[in-house]
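Starting off with a structure, shown below.
Order of writing sets the labels: A, B, C, D, E and F. Residues in every chain begin at 1.
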Amino acid sequence: MFFHAQDLQFEARPDAPDAAFAARLQEVLGGKWGEMTVAMQYLYQGWNCRLPGKYKDLLLATGTEELAHVEMICTMIARLQEGAPLTVQETAQAENPMLAAVYGSANPQHSIVNGGGAYPHDSQGVPWSGAYITASGNLMADFHLNATAEMQGRVQVARLYEMTDDPGVREMIKFLLARDHVHQKQWLAAVEELKADGLDGMPVPEAFPVEQENGAFNKQIINFTDGSSLGEGGWTSELEVDKPVAHGDAPVLPPGDPRLYGTPPPGKS
Amino acid sequence: MFFHAQDLQFEARPDAPDAAFAARLQEVLGGKWGEMTVAMQYLYQGWNCRLPGKYKDLLLATGTEELAHVEMICTMIARLQEGAPLTVQETAQAENPMLAAVYGSANPQHSIVNGGGAYPHDSQGVPWSGAYITASGNLMADFHLNATAEMQGRVQVARLYEMTDDPGVREMIKFLLARDHVHQKQWLAAVEELKADGLDGMPVPEAFPVEQENGAFNKQIINFTDGSSLGEGGWTSELEVDKPVAHGDAPVLPPGDPRLYGTPPPGKS
Amino acid sequence: MFFHAQDLQFEARPDAPDAAFAARLQEVLGGKWGEMTVAMQYLYQGWNCRLPGKYKDLLLATGTEELAHVEMICTMIARLQEGAPLTVQETAQAENPMLAAVYGSANPQHSIVNGGGAYPHDSQGVPWSGAYITASGNLMADFHLNATAEMQGRVQVARLYEMTDDPGVREMIKFLLARDHVHQKQWLAAVEELKADGLDGMPVPEAFPVEQENGAFNKQIINFTDGSSLGEGGWTSELEVDKPVAHGDAPVLPPGDPRLYGTPPPGKS
Amino acid sequence: MFFHAQDLQFEARPDAPDAAFAARLQEVLGGKWGEMTVAMQYLYQGWNCRLPGKYKDLLLATGTEELAHVEMICTMIARLQEGAPLTVQETAQAENPMLAAVYGSANPQHSIVNGGGAYPHDSQGVPWSGAYITASGNLMADFHLNATAEMQGRVQVARLYEMTDDPGVREMIKFLLARDHVHQKQWLAAVEELKADGLDGMPVPEAFPVEQENGAFNKQIINFTDGSSLGEGGWTSELEVDKPVAHGDAPVLPPGDPRLYGTPPPGKS
Amino acid sequence: MFFHAQDLQFEARPDAPDAAFAARLQEVLGGKWGEMTVAMQYLYQGWNCRLPGKYKDLLLATGTEELAHVEMICTMIARLQEGAPLTVQETAQAENPMLAAVYGSANPQHSIVNGGGAYPHDSQGVPWSGAYITASGNLMADFHLNATAEMQGRVQVARLYEMTDDPGVREMIKFLLARDHVHQKQWLAAVEELKADGLDGMPVPEAFPVEQENGAFNKQIINFTDGSSLGEGGWTSELEVDKPVAHGDAPVLPPGDPRLYGTPPPGKS
Amino acid sequence: MFFHAQDLQFEARPDAPDAAFAARLQEVLGGKWGEMTVAMQYLYQGWNCRLPGKYKDLLLATGTEELAHVEMICTMIARLQEGAPLTVQETAQAENPMLAAVYGSANPQHSIVNGGGAYPHDSQGVPWSGAYITASGNLMADFHLNATAEMQGRVQVARLYEMTDDPGVREMIKFLLARDHVHQKQWLAAVEELKADGLDGMPVPEAFPVEQENGAFNKQIINFTDGSSLGEGGWTSELEVDKPVAHGDAPVLPPGDPRLYGTPPPGKS
């Protein structure tokens, strides 16, 4: 159950409108690695978590925080759209040469569909997808994914920082960068905690007995490219580099069911 | 540039057909964490990689191997469909009580669309999406994602192992489990290698100056749920647990452009 | 900003597992008219709302409640999956004839992907889409949509009520039916409130001057089918029924730019 | 069965080309609330309608008209693309400063994929989806949705009217605004007609017995946000405003099937 | 502009309900190669066609016919759902052993979402997509695609014929097979007509001067697999079989913009 | 099984960066008719092919070549992005008037998401979909589709040739045009080969007995539009032109299951 407070977790106020940047900012709202993704991913993992206690709390606490980030970015996007040029004509009449660039790179759905607001789509207008999130029931795999999500997210937010010099926008981004920093640390710490608690380990899932793997194939990197540097990596301390070899025959499929009207096998035509 | 050899990397031959399992096996072919994803993700990361040498080689070598796994699973799926029941009537006539379950859980597109073959869709028939892969240009974030992909993949393959007792299918799965094991190790080793080479570090991207983050927010986990166990985790050695506080005002958006025909602000009606 | 309490808004506990029903229940979680949709739709409308006060409060209060429904349904789906048959073989060995139906109609991603949990996809496994929600900035259009969403939702939940006789499941559904009832009333009341406040009216958007419409076409239903009953509806008190007439010439498009390599116009070949 | 006449229902001829507006106009062709949606939604509702007579006729008549609107907008989009700039170089050479904005905001698929024509995608190039339409079999819920669709559609078309000053384009838009006006009235009248005919009522579906709802929860709006204005709305005449209370325990999920390799419950590791 | 007649082009009446077949029949309604696709593809090609006369007429005539097929299949699907089992319990109670198979393979959205009707989704519930159709503005490419669509469609319909023995369903399928037969012939004839009229030819688009192709690469099939049979095909009369050779250097990408926080190039760390 | 060589099949090096063209070039990488599609389509058809020998070899050889084209276009797109303008401010400061157009038409995900690289999405940012490919098991239908894919692809590449005057980009395009030329010929030759080998014929699938079609409907084009030119086509030598006639009654659907809460049939309310 959730409760909402109308104050924002952090201020989301640009110094000046910039509809082109509003379009770009959609990426970290409704893109694959945006705030919608982390909010929903952590909450679903929390709801599906079969272990009561610290791990479940961490998931639900962080997922709930991410909802506040969704809200902040929505607010920022709405404010950035103020006074956005609606027609190519007003773009041309203005003396400001930047306006053509703004008009060209603004998101037309921001005005036609949303009336000046934000929506859960990415910077190219592709809708957010439930397929962006994973809650596998295996916390080790999921915490690694969560750390990854914070890394990809922080990379994108850092890039957006460089794409604007608006002080208000940058203030909000600096806050997001800090939170992504914490969340990277936290999920990596949670990975270590799972190991310390003996709940899982490498390779994930550790509970699947390694003896049941095919032991002939779990120690080597196989070099399927002609680059020559594979042996120079530190990974050779644990793994060897092998040449590719085929271990299965060229497949010959059985003739298909004639009721499927595939091309008949040789001699059947 | 690629060359194809018709022999398989490993044998893909079931002992008996099982159209229901063929439907489930699609998950690790065309699902979010399936072989299409890892093949394409590693190749795109390799093609976009701006560092010649060991990292690029590792990406291209592994991505190319994954194409061989796509091929193996396709072959297995086609063979598993042999003799699949096409009508509910033949299901009823058979003495075998399992046939109703097989008919009900087989993928109808396997016969109607593919004529007894595989396709790049998941176990529910949702098509594989280019959005499943990421090649961010930041190797640290991407290698973490690659390790994650191998974990999620190995979890799914281990589950599929438990969902069949066909010896031939299990042989192939044992091979895949072994390769996923190696690839987990390899990407985690590559993460360490990047650190050792001084190319990136935590938080990702390390090149973004931590001083430019908002320093008041990069040391605490904020407890947005009412669970009481957050302080019991090992993460408290590095991070503190804080209560949620609002740092921004409740947003009041500016009145919209009247040409957008939104609901007018108070006093404007 | 949001706060989470781990207690549920209402109990979500089935009397017995039923993996087939778990698959169906996904429709009102991650389907087009499910709880994900109403939660996100109301919140985005609230965040984008340019009128502080009662309307904004209503949107944010209700959207936040819907998050609690998402949580309840996730919990129910996870519990319904307990002991789900994983293999067609155990289905056959069981004496229970229902098991074949359960195996055939369960969602294989529930086990392969989610490890026994819920996810934001519909009853056929199609991921929830950000395109399911609309926040147009015009509250009249949006409140009508919200009332519609509660109607479609209540229809679906009523159907699901008839598809199970599990007492625990029905208890939760009875709660959802009651809340959908309230929300239908509330959004229809909000429509009237907007009119009473003089903020919008019919046709939506009322602010667009009806005089600028083409007045020759805004009074008639045009009968493009050969059914003969159109004149029997009460709508004829306000609108007339007309025959279809063409008011534009058959279009002849200009020849295309030759650099686009379309089929050339006559005489240009 | 359908018959096609090549004359248009209304003229679709711009006074001048404008490839940027052509891109925007796609929204009301292939967007969520565009003409493809209303055409297909009304036709599918008509085909699925189990009541012969006036309601079915209304659905089929209106759906068939909307196909004519699809055709008109396609024609307009094709004509608007005449002479679209294909290269950034010709954009630069022209003296016209508007050309950069046009080049930047034109839809590249209009030329690369369609060769100067229209397609069923929205203003950001996202393909139209069958998920945009609903034909629930419950006419009350569907007529409400249809009224909503005409509202959202008229809001979008009104916005597009403000985004161009081309007289020919505006003539077509004035026609569409008039038809959307009629269709709003018509579907709202059909809602009343259903009530007058005793076929359904509030809450939808009225046939589900209200006594089977949980009566403790169908009279109150629950205030899950901290806004203070909820009690000021007219909705309080029918509904009361309540505080949120939890009625279910914090869920503890059962341990998962070990064959799913989730994280084991406490004490099982 | 379109007109609708409520009589069907051909009868669509099963002898008995079969909800499992109803689910499968969705493939040729809302699947990639179903009736929605051919209807919309031919109509969009017709609307975008810049040549008035016989080609445009052929596109519009055939597209309009396909709408009648959409209507027929919708009708059939609704009728096939009569009496579909809604619960796993009624499945178990019935003496009919087929019912478990029917329950397991029916489409749950048919009842939960559509209330016993059809919708524009495929046999796995994936929504029809505007991306399924192409109207390229090049009639030669598009007529080839249209012939292909009729081939894929006829293959699927033939398969469905084998998946039922219901006389009424088979009657409708026999009609569809006949129409697909005609349409295959017609589009192939239209391809020849374009050549005879000198409007296009091979390779498509013929208007692009072959001299501007790279002449060193337009005469050979390059053998990128190790199969040995490539030389046995009739294609060798026109084309030669060559070995793969690289003609470009291994790419070394320029260092990225540091503001994008990619992994820095060697020596830049 | 595949092997990768790092040298490119053909050079992919622009003379100058052009981020706007990089965005457009995505169409033939990740669009519906791009290189991802032909690579995957031919490979899946090859893997599913039940005929060993020349046809299977042709599919696998060509599919593997197309992977090399994917790689080339990725490389070109990465190089075209060099020095792309990241902010609207640097666009404004530059003296170059083209920069506004470039900024407006560049793909923001190229920088925010990919860090200067390519990805499997189209020119509007829509992700590549597994639904773009078909491997039906019927080689005649599939070879026709393959020829079509090369036609649509060559049309798009020819258009892109006209949208740039960069010599390096045009060199790569000239290579692609040549290969598309060969592949068109090859698939059309393969169609003839199938006929010569007696494996299939017209109408596809020829194995379905024409006698089982409805013979009253397989000889005529039915004129569902009011255009008058249908009789002028060469198709009349084989087919006749008929008027549309209804052969089925206006459908009256049975009353629905009351548990589905649809609108009740007349007299049932």
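One rule holds for everything that comes next: a contact is a pair of C-beta atoms (placed from the backbone, for glycine too) under 8 Å apart; a residue touches a chain by one contact, two chains touch by 3 or more.
Everything numeric here is computed off the predicted structure, so don't read it as measured data.
Following the contact convention of this document, A, B, E, F is the list of chains adjacent to both subunit C and subunit D.
Between A-F and the choices A-B, B-E or C-D, the pair with more than half the same contact pairs by residue number is B-E.
With each centre defined as the average position of its C-alpha atoms, the distance from subunit C to subunit F rounds to 32 Å. Look at where the CA atoms of subunit C average out and do the same for subunit E: the two points lie 28 Å apart. With centres taken as mean Cα positions, subunit E sits 25 Å from subunit D. Among the residues of subunit D, those in touch with two or more other chains are 1-9, 32-33, 47-48, 50, 53, 55, 60-61, 64, 68, 75, 78, 86, 97, 100-101, 103-105, 111, 113, 115-116, 121, 124-127, 129, 131, 134, 136-138, 140, 155, 158-159, 162-163, 205, 208, 224-225, 227, 244, 246, 250-251, 253-254, 256, 259-262. If touching chains are joined by edges, the resulting network of the protein chains shown connects every chain directly with every other. Against subunit C, in their complex, subunit A makes its touches with residues 1-9, 30, 36, 40, 43-44, 47-48, 50, 60-61, 63-64, 67-68, 71, 74-75, 78, 113-121, 127-131, 133-138. Note for the complex: subunit A touches subunit D at residues 1-6, 47-53, 55, 86-89, 91-92, 97, 99-101, 103-109, 111-113, 115, 121, 124-127, 136-140, 194, 197-200, 205, 207-208. Those residues of subunit F that touch subunit D in the complex are listed here as 18, 20-21, 23-24, 27, 31-33, 96-98, 100-105, 122-126, 155-156, 159-160, 162-165, 224-227, 244, 246, 250-256, 258, 260-266, 269. Residues 155, 158-159, 162-163, 259-261 of subunit D touch subunit B in their complex. The residues of subunit E lying in touch with subunit F in their complex are 5-13, 32-33, 53-58, 60-62, 64-65, 68, 72, 75, 78-79, 82-84, 86, 111, 115-116, 126, 129, 131-132, 134, 136, 138, 140-141, 144-145, 147-148, 150-152, 154-155, 158, 161, 171, 174-175, 177-182, 184-186, 188-190, 192-193, 196, 202-205, 208, 210, 212-225, 227-230, 232-235, 237-239, 244, 246-251, 253-254, 256-257, 259-262.
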